[in-house]
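Chains: A, B, C and D, in written order; residue numbering restarts at 1 for each.
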Amino acid sequence: MDINVDMGEAFGAWPGGPDEAMLRAATSANVACGFHAGDPRTMARTVDLCRRLGRNVGAHPSYPDLVGFGRRAMAATPEEVRTDVLYQLGALDAFCRGAGVRMRHVKGHGAIYNVAVKDAPTARAMAEAVVAFDKTLWFFALPGTLLGEAGQAAGLRVAWEAFADRAVRRDGTLVPRGQPGALITDPETAAARAVRIAREGVVVPADGGEPIPWRADTICVHSDTPGAPEIAAAVRRALEAAGVEVRPLGE
Amino acid sequence: MDINVDMGEAFGAWPGGPDEAMLRAATSANVACGFHAGDPRTMARTVDLCRRLGRNVGAHPSYPDLVGFGRRAMAATPEEVRTDVLYQLGALDAFCRGAGVRMRHVKGHGAIYNVAVKDAPTARAMAEAVVAFDKTLWFFALPGTLLGEAGQAAGLRVAWEAFADRAVRRDGTLVPRGQPGALITDPETAAARAVRIAREGVVVPADGGEPIPWRADTICVHSDTPGAPEIAAAVRRALEAAGVEVRPLGE
Amino acid sequence: MDINVDMGEAFGAWPGGPDEAMLRAATSANVACGFHAGDPRTMARTVDLCRRLGRNVGAHPSYPDLVGFGRRAMAATPEEVRTDVLYQLGALDAFCRGAGVRMRHVKGHGAIYNVAVKDAPTARAMAEAVVAFDKTLWFFALPGTLLGEAGQAAGLRVAWEAFADRAVRRDGTLVPRGQPGALITDPETAAARAVRIAREGVVVPADGGEPIPWRADTICVHSDTPGAPEIAAAVRRALEAAGVEVRPLGE
Amino acid sequence: MDINVDMGEAFGAWPGGPDEAMLRAATSANVACGFHAGDPRTMARTVDLCRRLGRNVGAHPSYPDLVGFGRRAMAATPEEVRTDVLYQLGALDAFCRGAGVRMRHVKGHGAIYNVAVKDAPTARAMAEAVVAFDKTLWFFALPGTLLGEAGQAAGLRVAWEAFADRAVRRDGTLVPRGQPGALITDPETAAARAVRIAREGVVVPADGGEPIPWRADTICVHSDTPGAPEIAAAVRRALEAAGVEVRPLGE
């Protein structure tokens, strides 16, 4: 099982999250590419941190919305999505080349990910950008969504994603941020969820009922949840204690 | 002799220059990378235009100054210059990969080029960015400047540059924009200068005196001079008529 | 009848529209405030042009989307809309103070106007910004929309708007840009429409049927339609020939 | 004696400094206006905080350099400086109007202040912007500088400024940030300096020698120094204990 975390979300004089602590627990880093966070100096430092800790680097492209941290949906055309994502993939790749590491995956950030999950043209545009750039990159997607379908249809390797620290509903969608219980902040609860996902392929929905199936190749732990490093560390420890091998996605 | 032109300097709803007409006369295109001009759609279109016309694509990185079109010097640290340039090289390269073409050269835009010509730390930072990205790229520089020295010291292939449409002074510097006579707008005058540069390796300074030596591997024709396409076409015709082979820089 | 035109939509080195020609035909100018177009130099020049020609200055606030020219809807919260609009009103007002003129009206630009027409929280947020800034400003709105209602509910003077050069549908909405016939580019056709709006308070819908009522205090002529200055001039001439007094909205 | 602090230097999702704690010790707030920090939501909240605590609001305009936090000098023309400052004054004023408070002063931020201190055209451009906007605003300047002269020549009320937490040199300039000893981080040392400035009009230079005269109407305590709230509180307490009345600049 891969553990992925967002990373490099500083900007200029403003700080990012607890990157090194998060990265110690994780195997893959989703690195901000400048459109919602991540100026060039931050990108260089973040890629270098991943290199030093031996973690996989992936791109974390966003809508162009620095002031909104990429969390606001925009009526962008597929061509705008495709070229904005392509631009960001290339920008991050330059720092990978500079550091002598290879980019391994792509995970949309914030609103562009949430829109792509439900909107086929956006999903296809993201997949097309990745195909144009590097067909071997892992394409992160929520299981059962148009985003995953678009990745598969484009011939990409899709890494199905689960969230250790986000409640889900019976229909397989996330409880929206801002609703009560959306975030799971207790490390042991998050860790126990991660273990069931990894070992049984199920998750218990917040709105009651039976566990629902949830295939996952990678488990996300958010970096901006209170106590995020403790959650990430607990998830990793629990997975390892349960005999789940924590390792990056394969070549 | 290579002929280079700036290209892709539109932004969003705002138009760029006469790109296709300029490119027909040129062999190399310096493509804006988003910091002074060139949003991702424009970059995609511009790289595609170069591909269709079979012209070489190069990056045209700038200080981050959209409102100032990259023409204002900034007190950027070498680390800022290095990472800003690296970011832009990567961003453009993504569109090259998407279009199946290779990036061939790098030429600084506006103020970053003018500063790098005279400021060793900036010059070195630009060269380091190119080395980190791709050591085989041609590195454009004014002859006799710190920028060219930095490129050579870093092990890059330096393409020495002359300007068909800019007056120069006895000391080998350009007459600053805004001063009378700085721009040469008569196509035949520009063309005649280009021929002397290519065949004799000299240019006649605007402040009088003997022709000065000017080694050039590439001749720039600016896209924003009035009548730019006519100047570019005249330069190409005159070079060819004088028996100078107009072709891109070698592999 | 007031005639309003968008203005000051240059940015940095990129040109705007035919401002002076448009303004000669108009009585009110909607001046870009920096979020979709209009850097500070452009704003200063534009306000000065209005002062010289004796035209009324109004603010033309937008979503923060320079690369999309403010034409893309964004999932902005009401607080984001309110404060973004307030910021832009103040920024433009500074240039009015500098030029010794008074700001007279507010008209949303592009997507923020189109969203506010149908979305009550956005409409209210725009009205709240204007109330907070200056309750005496005219608040431009399409008749029969939530935007107009929000302005009235907030105690603002609403100037109902019609478009000389945009086709409308039986339901009172505009034919979306990009659909055939959305733009009316023949000056005489646009002028005849303006006269019927001004004299009879009706407009003929593009999808057939009877003329529909359309109350208008101000008629917009777009600056980016091909032949815009001719359309604007024809509209003004036709209104005056029909005995309609062309004059700015009252104090 | 006035005590001024920088404020509202958050941006979007990124946090600012300890604003409320700083403001409790201060009498005047220099509020970021969006060019180096301070998005519209932050500006609204910051002005509201000043209103609740009864502190004076002033503008803190900057070069347009978000990624560099306004700390990098730029080769801006006087017209660029004048209009950039005017834009920011207006933007902040909108929030003052919304909150029912009056803007009272202007203090340049970072590089624009440092350049204006030594460069007459920049200094004059800043003063012209303030005159165009509101001649009654206090204009903050380092004593003995071109900035102060420009303010006086333009007919503005100049508030001479001293820094409690920055070392100065015999020639009356600040020890540059980054040099050893540039920042004074011990609260009692800073407080003692403030008292000598207020009572004796002198400051002891870091490079030795006699105390030099330093006229001050306002003392700045930086918000980004480690322990800034303790320094600010100590300065205020010490001034009051020494019988210096701490109060905002007069009407």
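Criterion: a contact is a pair of C-beta atoms (placed from the backbone, for glycine too) under 8 Å apart; a residue touches a chain by one contact, two chains touch by 3 or more.
Given the structure is predicted, the values throughout are model-derived calculations rather than measurements.
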- Item | Labels of chains that are neighbours to chain B and to chain C | A, D
- Note on the structure: Output for shared partners of chain A and chain B reads C, D
- Query: When chain A meets its copy chain C, do both sides use mostly the same residue numbers (more than half shared) or mostly different ones?
  - Reply: same
- Task: Determine which of the two chain pairs, C-D or B-D, is joined by the larger number of C-beta pairs in contact.
- Result: C-D
- Rounded to the nearest Å, the gap separating the Cα centres of chain B and chain D is 42
- In chain C, what residues contact two or more other chains? 39, 67-68, 80
- For the chain B and chain C complex, residues of the former touching the latter: 11-15, 37, 39, 66-69, 71
- Message: Applying the document's contact rule, which stretches of chain B touch chain D when the two form their complex?
- Response: 64-65, 67-68, 72-76, 80, 111
- Item | Residues of chain C that touch chain D when the two form their complex | 34, 39-41, 43-44, 79-80, 83-84, 86-95, 97-98, 129, 132-134
